[in-house]
Amino acid sequence: MPQYSKRCLFAGTGAQRLVEAVAKHLSRINRKPQSVSPALVGKWANAETRVQLQTNVRGADVFIFQSFADQVNDRIMELMLLVDAALRASADRITVVAPYLPYSKQEKKVRGREPIAAKVLANMLRAAGANRVISVDLHERAIQGFYDIPFDHLTALGVLAEHLAKLGYNRNDSVVVAPDEGAMEKSMALAQMLGVDVAVVLKRHPEEDPESVETAAFIGNVKGRRAVIWDDMILGGSTLVNAAEEVLKGGAKEVVACITHAILCGTAVQQIEASKLSKLIVSDTTAPERAYASEKITVASIAGLLAEAIDHIHRNLSVSELLPDEV
Amino acid sequence: MPQYSKRCLFAGTGAQRLVEAVAKHLSRINRKPQSVSPALVGKWANAETRVQLQTNVRGADVFIFQSFADQVNDRIMELMLLVDAALRASADRITVVAPYLPYSKQEKKVRGREPIAAKVLANMLRAAGANRVISVDLHERAIQGFYDIPFDHLTALGVLAEHLAKLGYNRNDSVVVAPDEGAMEKSMALAQMLGVDVAVVLKRHPEEDPESVETAAFIGNVKGRRAVIWDDMILGGSTLVNAAEEVLKGGAKEVVACITHAILCGTAVQQIEASKLSKLIVSDTTAPERAYASEKITVASIAGLLAEAIDHIHRNLSVSELLPDEV
Amino acid sequence: MPQYSKRCLFAGTGAQRLVEAVAKHLSRINRKPQSVSPALVGKWANAETRVQLQTNVRGADVFIFQSFADQVNDRIMELMLLVDAALRASADRITVVAPYLPYSKQEKKVRGREPIAAKVLANMLRAAGANRVISVDLHERAIQGFYDIPFDHLTALGVLAEHLAKLGYNRNDSVVVAPDEGAMEKSMALAQMLGVDVAVVLKRHPEEDPESVETAAFIGNVKGRRAVIWDDMILGGSTLVNAAEEVLKGGAKEVVACITHAILCGTAVQQIEASKLSKLIVSDTTAPERAYASEKITVASIAGLLAEAIDHIHRNLSVSELLPDEV
Amino acid sequence: MPQYSKRCLFAGTGAQRLVEAVAKHLSRINRKPQSVSPALVGKWANAETRVQLQTNVRGADVFIFQSFADQVNDRIMELMLLVDAALRASADRITVVAPYLPYSKQEKKVRGREPIAAKVLANMLRAAGANRVISVDLHERAIQGFYDIPFDHLTALGVLAEHLAKLGYNRNDSVVVAPDEGAMEKSMALAQMLGVDVAVVLKRHPEEDPESVETAAFIGNVKGRRAVIWDDMILGGSTLVNAAEEVLKGGAKEVVACITHAILCGTAVQQIEASKLSKLIVSDTTAPERAYASEKITVASIAGLLAEAIDHIHRNLSVSELLPDEV
Amino acid sequence: MPQYSKRCLFAGTGAQRLVEAVAKHLSRINRKPQSVSPALVGKWANAETRVQLQTNVRGADVFIFQSFADQVNDRIMELMLLVDAALRASADRITVVAPYLPYSKQEKKVRGREPIAAKVLANMLRAAGANRVISVDLHERAIQGFYDIPFDHLTALGVLAEHLAKLGYNRNDSVVVAPDEGAMEKSMALAQMLGVDVAVVLKRHPEEDPESVETAAFIGNVKGRRAVIWDDMILGGSTLVNAAEEVLKGGAKEVVACITHAILCGTAVQQIEASKLSKLIVSDTTAPERAYASEKITVASIAGLLAEAIDHIHRNLSVSELLPDEV
Amino acid sequence: MPQYSKRCLFAGTGAQRLVEAVAKHLSRINRKPQSVSPALVGKWANAETRVQLQTNVRGADVFIFQSFADQVNDRIMELMLLVDAALRASADRITVVAPYLPYSKQEKKVRGREPIAAKVLANMLRAAGANRVISVDLHERAIQGFYDIPFDHLTALGVLAEHLAKLGYNRNDSVVVAPDEGAMEKSMALAQMLGVDVAVVLKRHPEEDPESVETAAFIGNVKGRRAVIWDDMILGGSTLVNAAEEVLKGGAKEVVACITHAILCGTAVQQIEASKLSKLIVSDTTAPERAYASEKITVASIAGLLAEAIDHIHRNLSVSELLPDEV
C-alpha cells in the first residue's frame, strides 16, 4: 500500500467550479487544506489547445477533472494534454475524473460503417497515459469494459434521493417513473431508496431520427400520485417533457424530474420552463452553467461524493462502501 | 482489394457439424467445392489441449469456427491455440467465427471486485492474433467495442422469422412477446418482420440470486392470440417457462418460443418438454446437440447466413446488406 | 505488391473543397472517374461529433482528408471517428491525408510540465488505427519520428516556385528571404528552384510572449531587388508584416510573400491587406477559406501534387521522385 | 522500495490446500497472522467461470495461487478472471503463483502448423495484467523468456533432497539417475546436494507417439546401489516405471523416485503401486490430490519455500539467496 | 493469398556473399533474374551505423539478410536500421533472414540478475517492425516462442548430410557422435539421414567458467569406425577438439566434424588445424570468412535451401515440405 | 509520493569514471555514502555482450549510466541488457542516464528510404523496459517526443558558463559565436548567462557530403573581441576549426571553444591542437577519454549536475528548478 503524501487536483476549463467544491470537501474530510493546483489551460491564436501545469507533480497522486456539457472536443483535448503533461512531469498516478463521460451514447454500432466513439475516447485516454477513471451513472455499464484500467463507477442517485426526500418524495403518495426501458433499472433503485413504487413509460425510438421520441405505452400506477421521473441525462428536453405529459395524462397530480447528467443543449431550459414539470433536479456532473440560471432547476452537488471517493482512492480504502447496495 | 485465392475453414470440437454445413452452403454459392480443412484438435493425457493444422495455410484467408454450448473454457483454449497455430503458419487473415460469444453476460461489473470476463476474452483473442470476429445476436451490443478489430455482427432473426412464417405466425392473430425489457428491441424487430404486434413481460431480476426470476408485470394484448416469445438465449429454461405461463395467464391461446442461442444447461430440455410451450425453435449458433434430441425443439440453421457472410467478407462485398433494416 | 482495385477518398468538414480538387486530378491522371465517397460528418445536439461512412469500404485503400485552419479539435475528432469507422468497416489500408498537421509547433517541451501535443496527436492516430500519413512541409522534420508508420512528407515549394516563376521571380533581380533562421533551409531550396539568391532576417522570439516577435538583425543583399519572403506558416500575420518592413528598410524595391500553411487567424487578412506586401501566395494545405476572399492573396493549389502522391502510393510507385532534390 | 503494508493471498479452486499451508508458514515467519483472502470462485449454470474477490484489495500486494493437475483450462480461466478482478479493483501489484506452469511441454513447434501453447499462456497472463510470476522447476528454462515481467523461478530440489537425506539417500551407496538427457542437469544438482554420484538412462522419444517411450541405452554405475530417479514431472507413469526397470536390470539393489510435478493422470497411481519402485516422493506444486491417497507416494511440501519467496518479494529482499547454488 | 510481384533482397555488411549466392539460386529457380537490391550500409565518423535503401520498396516483399560471425552488435544495429528504413519506405512485408541468430545461448537466466538477451533481441526486432524471421538450427527451439510472428525454422542437416554422403560417411563403418547431450537430438536425425549409428560424449559444463569444458563420460560404439561429430555451433574450438580426442581414445579410426554455425572466434581455426580432426565441414550461416581460408575446413552452402524457402514463402507454398521428417 | 529507500547506480563500460564522480557528489549531497553497484559488463568469446548485476535490486530506484563516445552499438547493447536484467530482477524504477544520446543527428529522414535511427533507439529502450531518461543538451529537442516516458532534459550550459566566467569571458570584450544557425538558440542562452553579446557563422551544409562544411556568411560584431564558440557536439573537429578561422578573419583577438558533447573522432584532437583555437572546454557527457589527454582541452564535469538531478528525482523534488531560465 504505497502512500502518496502529495495529492494534486487539476481541472480543465469545464470543471473549475466543480474542482473547487471538491477541494473544499476534501479540506473538511481530512481536516487540512486541500488546494486546487494551478494550471494554464487555454488556446493559442491558431485554435490549438495550450496547457501547462504550474506546480511540481513528481511522485504525486494526480486527479484531473473535466466536464463536458458543451465544446466536447475542446474539453477532451484539454484533458488529453493535461494527462500528457502530468505523465511527462513524472506524476506517479493519474486519475481522470470525468463525472459525465462524453460519447457514451455512441458505445455500439447501430448501423454499418459507424465508429464506436466511446471506445475511441477510451483508447485515446489509454494512449495518453491515464491510470484510472472516476465517472458517474454511465449511460451503459459495459463501457467500463472499454477500459483496462481501474474504473470507479459512482452513482448520483444517493445525492438526488436525499434531495427528493427533503422535498417529501419519500412518502407513500410518490412514485418514481422511468421514461423508457433503459432507465428502469436505476429508477427502481431510486424508488427503493425513497421507499416508493415505480412505473415506466415505454417509448419507441425511431432509428431514422434518433433525437425524436414517440411514446408507445405506459405501465404502473401513477393516478393521484406525485411522480418523480428519473433519467440518466437530459439533452434537448423533449423526451422529458413528453414523458411528463404522459404521466399527467395518466392521472398523476404532480410531476417533477430528477436527472444525473444535465446537458441541456439548444432550447432545453426554455422547454423545461414552459413545461408542466413542477421542478427539475439535476446533479452537477456536467458543470451545468445553464441550470444555475433557471429558477425551475435545482442543482444537487456530487462534490461531496467525489471528495469521499478521491479520499478513499488516495488512502486505499474501499470505494464500494460509498455505493448504495445493488446498483 | 487484395484477393485471397485460398480460403480455409477450420473448427474446434464444438463446431464440427456447423462448419460442415457452412462448407456445403459455400460450395453451392460459389459453384465450386469448399472443403473443411483438416486439423487435429484434442487433449493430451495431462488434460492440456492439443492442436495441429493439417494443411498449408500460408497466405490464406482462414476462418476458425467454435461453438460454446458447454465445456466453455476448453473450447476457448482450442480456439486460442488454433488462432496461434494459424498465425505462426503464416495465415494472411484470421477470422474467428463464434456465432455465440461466451461470457457475454459478464460484460460489466455488477458488483465491486468482479472481473469483466467478456473483455478478458476479447483481450485474449487480440493477444492470440485474431484479425476479425463474426458473431450473432450479441447479448449486449457494446461488446463490439471490446474489440478493436472488424466485428461482423449478424442476427438470426431473419432465419427464425422465416421459420415462424412457414408455421403461420405472420398472421394477425400472432403476437411477439419479450420476456423482459432487455429483449424488447429485438422482439420488436422480429414482430416487424412478421408483421404482427408486440408485448412484454417485465421481470424483476434479484441481484442476490441472478439465475432466479420474479415476474413483475405484463404489458400488451395477448388475449386470444398465438404468442411467440423471443429471447437471445436460453440457459436453464425457467425464465422461459415462467414467461410462457404468464402469457397463457394473460389469455394467449397458444405459446411457442424462439431463441437464438440454445445453451440448454442442466434440466432445460426436460423443463421445456414438461412445459406448456407448444414448441421451441432455436438456431444452431451453439451447436446445440441437446436440442436435436428433443421432439419439441426445432433447430433452424444459420449456416446459410454464415456462408453468405463469409463469402461477402472473402470477396470484400458489403455484409450490411445481409442484415435486416434497423437491427 | 498487393493491388487494391478499390480506392476511396473521404473528407472531414475542413477538407471538402480540397478532396474534390484531388478527385478531379485523379480522374485526369488515371483517365477514369474518381469520385469522393459519401460520408455523414456532423454533430449531434449534444456537441458530440457524428460520423458514418456511406459506401462499402471492405478491402479498400482508403484516404481520409482533413484540414485544420480553425476548430482544430473538432476536426481532429472527425478524423479520429472517420478512421475508426473505416477500420471497423474492414478497410484494408487507411491513409490520413493531413496536408497541414496541427499541433506541430508543440513538438517539444519548451518549459517544464508542458505536454508534447504533436506526439499526443500521433499517439491518438496510431490508437485509432491509421496505417499511413501524408503531410506537407512539416514545421519540424523530426515529427516524422513521432509516427512508426510510413509517413510521406511532401513539399509545396515546387507548386509555389512554379507560381513565382510565372510572375517573373526567377529573374536575377529577385531574392528569397527567410524571416527567421528556422525558415532558412527551405528558403535556400526555394531560391535554388528559382535560380536566385537568398537572405535572412534574424529574429529574437521572446519566450514569455511566444506570439510576438522582435527582429534582431538582417543578412544578405536585398538592395534594389524584388524580395520573396518564404515561411512555413502564417498565423496572425505580424511576423510576416514585420519581416516585410525590415526587407523594405533594407532597400528592396518590392516584397511579396509565399507561405505553405495559411492559418490566417484573428485579423491576419486585414493586416496583410494593410501591409506593404504587394502580394501573398499561399497553398491550400489548410483549406484557407479566408484567403480566397482577399484580393491580395493568391491560393496555389497542391491538389495536383496530392493526387500524384496518392496515385503513386496506391500503385506502389516511388513517392520520392515527386520531391525536388535535396529537400 | 515502496512498502506494501497489505498483502493478500487468493487461490483458484486447484490451490486451496496449498494456499492455506503457505499462509500458515507466513504467519510463523512474520509472527503475525496471515489469512487467505476470501473469494468466490466457481461456475455459472452455463459452464462459464464465475469469480468475485470478497475483500478490499486497493493498493495491496496481491498473490494469486493456482494449481493445474487436471481441468487445466478451467483453472487457467479462473486465474485469468482473478487477475482481471484484482486489476480492476486497484490492486497495486499482482503476482501469479503457479508452482507448476501448464502447457510447458508445448514450448516449441515440434512439427509445422502447431501452436506454441506455453507462449499463448504467457501472452494471456500479460494481457490480463499480471505483474509477476512465481513458478517451480520449469520444464524448459527458456520459458522465462516468454514473460517480460519479473519471474521468480524456484526449485523443489532442496525440499526433495532434505526428504531424501532423512531416508538415508545421502550415503555413498546411493546414486541419482536421470531418466533421460533432459533431466540430467537437475539430476546432477540433486546428486551434488546429496553428495552422491549420478547416472542416466538415454531414451528415444518417438515423434509419432509422444507419450510412449523406448529406452535406448544406459550409462553410469548403479550396480549394488540404492538408486533415486529424479524427473521434473510424472504424467501417466510409464516413463518412470520403465526407467526403474532399466535401473534394476542394471543391478541397483533398490530404486525410489522423486519428482517435482505430480500430474499422475490416467492410471498413473495404479502403475506406480504395481511397479518395482519402493517409493515415490513428489512435491505439492500441482496440489496432487491423487498422491495423498496412495501409501507408496509421499508428498513433500514446498509451502515453506513459497512462503519464504513471497515474504522476500513482499519485503524486497533477494530471492536468489533462497536458491541452491548452480541450479 | 495476396501475390507480391516485387521481391527485394537486402543485406547487412555480414551477409553480402550469402545474399549474392541466394539471388543466383532464385534466378535459377524462377528462371528470371533476381538481383540484390542496392543499399548503403556503413558508419558515420562518430561510429553510428548509417543505412539507406537505394531502390523503391513500396508494396514489396522485402527480405533482409544478416550474418553475425563477429561484430555482433554492429550487425544487429544494421539490421534494425534496415528494417526501420524498409518499414518507413512502405515495404509490404519485411522478413529478417538471420540463418544464425545471435544471443541464442543467452535464452534463459542461468543465475539471478542476468538478462535474457535472446528475448531482448526478439523484442527489438518486433519493435523495429519485422514481420517474419527465417533462421537455421536454433540453439534452443523454444526461442521460436520469443517471437509472436511467423518464424520459419530450417535445418542445415540436409545440406551437411549430402556433403557427408559424398565423402562416404553413409556407409556402415561410420557413426555420428554428439559432443554433449544438447546435441543428441539433431545428431540422431543426422545419423538417420545417413543411415548410420549414433554415440554421445557426456560433458560436465562447470558454471563458474562456462567456456571451458570437462568431459565426463562417453557412450556408444565408435571402435574401428569413422566418426562424424555434429554440433550446432563452434566458438573457440576447444569443445570440439576435446570431443575428437575422446572419440579417438574410444578407438575410432578417424574423426571428422560437421557444424552448422561456424563462429570460429579467437584461435579456433589454428586449434582445428593443429587437432586430430581430419576435416571440418561447416555451413555458411555465419558467412564464415575465416573458414574459407583454411584447407582443413570445407564450407557447405545453405544458399540453395534459403532460396527455396524464400521462394516458397513468397509464393505461399508450404515451407514444411522443405524440411526433413521429424526434425 | 512513494519513497524508495534504496537507490542503485550501475554503469556500462563507457561511463565508469562518470558514475564514480556522480556517486561522490551524491554522498556529499545526502551526507551518507552512495556507492556504485557492482555489475559484470563485458563480452563472451563470440563477441556477444555479457551482463550480470551483482547486487539485489528488488524494489530499488535504479539509475543506469552509459556514455557513447565510441563503440556506440556495443554500448547500446550493454545498456539494453542492463535494463533487461534490472527489470527481470524486480527493480521498481529504471532510469537510463545517457548524458549524450547517440543517433540524435539521425532524428529525421533527410532523404527517402532512410531510417529514423533516434526513434529506433527510443523504441528499443521502451521495449527493454526503461521507465525514465535523463539526458543533456539534445541535438534536437523534439527527440523528447520520441519517448512516452518522463524525460529529464538538462543542460551543460551552466557548468560551462561557470568555467568561462572564471576565465574572464563574462567581461564586455567577449562575444559568444554560434558556428551555425542550429546552435544559435543555446549560444544566445550562454551569452545571456555570461552577460555578453552573440554572433553567428552561417554555414551551408552540402547534402552529398554531410560531414564537410562550407562557410557561407558571418554575422555580428567580433572585431577586437575575445570570441567563445559554442556548439552542442564536436565530431571530427573541422567545423569548429573552420569557424574559428572565420572568427579570427572577422577580427577577433582570440578564440576559444566550448562544447557540450565531445565525440572527438578521428584526428579531432590533433586538429584542435594544430588550430588557432586558444582552448577547448568540453563537458564529460561522453566520458571523453581523448580529451583528458590533451593540454589544450579542459573537461568541465557535469557530475554535480547529474547528482543533483538524480537526488531530486529520487526524492520527488522539481528538476526544473535546476535548469537556467528560458533554455
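Each chain carries a letter (A, B, C, D, E and F) given by its place in the written order, and its residues are counted from 1.
In this text, a residue touches a chain if its C-beta (ideal position, glycine included) is under 8 Å from a C-beta of that chain, and two chains touch if they have at least 3 such contacts.
Values in this document were obtained by computation on a predicted structure and should not be read as measured data.
Counting only chains that touch, the fewest steps needed to get from subunit B to subunit C is 1. Homomeric contact subunit B/subunit D: same residue numbering on both sides for over half of the interface positions.
Most remote from subunit B, judged by the distance between CA-atom centroids, is F. Summarising the inter-chain layout, the chain whose CA centre lies farthest from the centre of subunit E is A. With each centre defined as the average position of its C-alpha atoms, the distance from subunit A to subunit D rounds to 50 Å. Centre-to-centre separation between subunit D and subunit E, using Cα means, comes to 34 Å.
The multi-chain contact residues of subunit E, meaning those touching 2 or more other chains, are 2, 56, 88-89, 109, 111-113, 116, 119, 123, 144, 148, 318-320. Chains that are in contact with each other form these pairs: A-B, A-C, A-D, A-F, B-C, B-D, B-E, C-E, C-F, D-E, D-F, E-F. The part of subunit E that touches subunit D in the complex is made up of residues 107-109, 111-113, 116, 118-119, 122-123, 140-146, 148, 153, 181, 184, 188, 200, 202, 204, 207, 217, 219-220, 318-320, 323, 326.
Against subunit A, the residues of subunit C that register as touching in their complex are 44-54, 56-57, 70-74, 76-77, 80-82, 84-85, 88-89, 102-103, 105-106, 109, 111-117, 119-120, 123-124, 126-128, 211, 235-236, 263, 265-266.
On the side of subunit C, the complex with subunit E involves touching residues 1-2, 132, 144, 148, 150-151, 312-313, 316-320. Within the complex formed with subunit A, the residues of subunit D that make contact are 2-6, 56, 58-61, 87-90, 92, 129.
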